[in-house]
Amino acid sequence: MSVHRDLDWRSVSRARRDEYAGTHRPRVVRVGTVEVGGARPVVIAGPCAVESRAQTLEIARACADAGADLLRGGAWKPRTSPYAFQGLGVEGLEILAEARATTGLPIVTEVLDVRMLAVVEQFADVLQIGSRNMQNYPLLTEAGRTRKPVLLKRGMCATLQEWLCAAEYVVRGGNEDVILCERGIRALGNGEYDRNTLDLNVVPAAIERTWLPVIVDPSHGTGVASMVPRAALAAVAYGAHGLLIEVLAEDGKPEDARCDGDQGVRPSTLRKVVEGIPAVLGAVGAESEVRA
Amino acid sequence: MSVHRDLDWRSVSRARRDEYAGTHRPRVVRVGTVEVGGARPVVIAGPCAVESRAQTLEIARACADAGADLLRGGAWKPRTSPYAFQGLGVEGLEILAEARATTGLPIVTEVLDVRMLAVVEQFADVLQIGSRNMQNYPLLTEAGRTRKPVLLKRGMCATLQEWLCAAEYVVRGGNEDVILCERGIRALGNGEYDRNTLDLNVVPAAIERTWLPVIVDPSHGTGVASMVPRAALAAVAYGAHGLLIEVLAEDGKPEDARCDGDQGVRPSTLRKVVEGIPAVLGAVGAESEVRA
Amino acid sequence: MSVHRDLDWRSVSRARRDEYAGTHRPRVVRVGTVEVGGARPVVIAGPCAVESRAQTLEIARACADAGADLLRGGAWKPRTSPYAFQGLGVEGLEILAEARATTGLPIVTEVLDVRMLAVVEQFADVLQIGSRNMQNYPLLTEAGRTRKPVLLKRGMCATLQEWLCAAEYVVRGGNEDVILCERGIRALGNGEYDRNTLDLNVVPAAIERTWLPVIVDPSHGTGVASMVPRAALAAVAYGAHGLLIEVLAEDGKPEDARCDGDQGVRPSTLRKVVEGIPAVLGAVGAESEVRA
Amino acid sequence: MSVHRDLDWRSVSRARRDEYAGTHRPRVVRVGTVEVGGARPVVIAGPCAVESRAQTLEIARACADAGADLLRGGAWKPRTSPYAFQGLGVEGLEILAEARATTGLPIVTEVLDVRMLAVVEQFADVLQIGSRNMQNYPLLTEAGRTRKPVLLKRGMCATLQEWLCAAEYVVRGGNEDVILCERGIRALGNGEYDRNTLDLNVVPAAIERTWLPVIVDPSHGTGVASMVPRAALAAVAYGAHGLLIEVLAEDGKPEDARCDGDQGVRPSTLRKVVEGIPAVLGAVGAESEVRA
């Protein structure tokens, strides 16, 4: 029923692109000097939301110090409740630009309104499309017309095929710089011991089917700060090409964060994750060895 | 973890509105002379997509004859695959307007791009917001600024609270004419014997929590035409204030439909559903009797 | 991955049994003078657990008066917590036998330990195998050696194929009197507004694939007493061959029940369900009409 | 609805046992000289099913060579289809005993019928209780009366609380040597790209709530051999106290295996997993560092 095939995501299909067919190699998406899908997993880190200039600059600097490659932060936040903090908007973008100037880290930020795409595009180095918008086809189509890399989060209950079809909406517009991001699916533990179920099996499955790089968001994928470093390194073991991690200020209180405070880790924890990556890569070895 | 309360959907909360608190009465949403939430369940019927003038007019007339109250049809279709039929766009709206003129039935049609809202609003009597857009907050917010009734489908894996929060985005904009529509959730039978799992338990649960009327879409809620009439009458047994049913031409072939042919019923079947409603209403009896 | 076919449930396959192929007719399972799969849906009602002689006899009489066809009650209860009430055991069976003698209603009761099968078989008219034991293959196999009808509940996350395979374990032992019972699956609303998600789509899907009769348990399928009557009549609309309903004493307090008090309905409510069935059957009409 | 608390799994609750409260330390379950919950994660490996003496001895020796600590193999297999290979029974146990004598590895084998417990107990070093029997309370209760360690797999859709309650059934019988084993849950990717969704978030969540050691089965948790080594090392990153891995003969064909051939890895792959564990442990560091 409603089965989709390779033909529905023809542009992003590994099997249909000679350059990638028969390998596990991803496209390298370049963001400034950072290579997503390159020699080592990239680390994207930063606050959930841009809440203020001071908070953002402090966290940005700490993330850079801890070894992050890219800075994330939301200027517009898609919130379940209309009464929750919705983000600072354009002011948030300006703060992110300042953080970039200060740290040298390129910016990943979410666009959730097709009418805001032009302004976000001016500021962002990578356009994030969130889970709730994975099937917002006008937004995907417009993102395909830009020439900015697009970080496409998996929908909360999206199949792999639906996710690849969403990427296809972007790529067939001429923008091949799409980064897939697993961020947890809705399943039975949610609410009991996690916020989402991190579905790491999808990482090698996606890599098998598409040449797009695949990263993992352990912050949403657990919803619990104490699980994040383990989940992050597990994602690396699974072959993820990068991590997206939410960070609090070193001495900030989770309950003071205006968005998702429970899942933010400290910069000192981020640093340990960054430092742990090479050993995990060593353990899983070269593709040829670990793939059975 | 991310628990939402009544306060997050304060405007649509039954308990917070004196007029409805302590009852099971819904708001009556008026569409022309049709009352959604009124004395009897309404029937919204029509093709999945407007495919042509001839197809739409034929089905529209057949739906009117069969006893439908409102006509549905998609001019823009949110399709998983970018290569699937995407709808006729404005031409589709014009065809729907002609079908309305011919049959006298008000039109329900989907808006999926915030930039198209103004034009859809000109033609439609009810604005449908689909499952994939249930958390498209800019679209919800703009729909709240119109004065057209909004039919808000439940997201594929949305909790009741997320659904009520989505309605809140519309209502707090000043538009209280929101109709909730259950259309099946993603669960374990999908792909084996149905397309979605029709979650009828949510109907009385929603009615208990909100004064918005709640209707059911048995077409998407099963994905199987032969199940639709039973599912439709079951929804009435559960207390639904209306039905949204996809209809094929009496002698059309499911495989010829450009969208969701497997779930469309014939006008003759639609008529039997319409005729069966009063008996089911009689069986469930007055609220005071059936509610334990 | 682990796909099962018709061949795996060959004995219960409708297509493979000439007598039933091409029809929607179920086997008629006879329990005394009651016919499950016969001219009209049967109603199985009674307390969740046999808690005492007085409680059981009172409820049994009230169920008989309300129009139930069979009496249910648990002498052994499979409880998530080892510290919850586990049932009265053999004493419970004796009480059920007395209730049968008093009311004339045959008894449906659960067997959950293969070592207890012989004793349960002596007392019971129908052996119930619960959800947690749907894949307890030794128990299924032994039940296939008895000549008592078996009521086989669907597992909490069992696919239709797994359920049919479970029935096959019984039937290939020579016992063709198996009654399938849908009782709700684990899905997203659970804990928010229901206990299980009643999956009515599985009813026509099962009827299409097997000649075994299919009944529905709206008590577990909702977990909420106020939803039970609506769910029960909806199940009839969907074509169920019977209902399994938990009943409290007319003036009993839900919180006094030692098991699942929240989902028990009153005998007066049961009566309204029984009275509502014919009208719903009338509404859905003959098979030939309602099946699209 | 049906909420369980600490009191329902009081014996296995970390908070209620002074010895473990406030730490992340597990009980050390001793199997011969092997310590589950000890200084390093244990590796349990072997064939899905004991199919023949030759197959079992070959794989057992290869697992021992590859560095496994314990040998697994099923003498009775709970199979969805009654027509699938059900295991060699007592003959299988005798073959396992020979494999133990040959390799020195203690044996883990499943018991699925309470009537077979005594005989399995004679042969096995660890009694495995499978997912389908996680709520087979008579079996759990009897396992609590033995003095053999029990490996308790999580049910396919069991909550953490239900799993802990199942362990409680064993422990309150006086047998504290219970090992919890996550083996994947039913969720949305199943059938599309995996067999089960490996839920690694449950590992740290379980460790937080109970003092029982927690291991992971990446074979069932993926159902895809090529994912197993990555999943295994990811489980170590998440803090698992051991791994349960299904192994094929080095030159065996997956399609020749009588059970679950698609998920078995080669001994050479197993060796790489064993060799990769220390580096992953190094990367996640001491508890105090990685826990945020």
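Letters A, B, C and D mark the chains in the order given here, with residues in each chain numbered from 1 onward.
The rule is short, and it goes like this: a contact is a pair of C-beta atoms (placed from the backbone, for glycine too) under 8 Å apart; a residue touches a chain by one contact, two chains touch by 3 or more.
Owing to the predicted nature of the structure, the values given are computational and were not obtained by experimental measurement.
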Chain pair showing more contacts of the two, B-D and C-D: C-D
CA centroid of subunit C to CA centroid of subunit D, Å: 34
Rounded Å distance, subunit B centre to subunit D centre (Cα mean): 47
Where subunit A touches two or more other chains at once, by residue number: 157, 161, 186, 188, 191, 194
Contact graph of the chains (line, ring, star, complete, other): complete
Subunit B-facing residues of subunit A, complex: 1-2, 4, 7-10, 78-84, 112-115, 132-133, 135-138, 156-157, 161-162, 165, 168-169, 172, 186, 190-191, 194-195, 223, 262
Subunit B residues touching subunit D - in the complex, by the definition given at the top: 186, 188, 191
Subunit C contact footprint on subunit B (complex, rising order): 157, 159-161, 185, 187-189, 192-194, 197-202, 204-205, 221-222, 224-231, 233-239, 265-266, 269, 272, 276-280, 282-285, 289-292
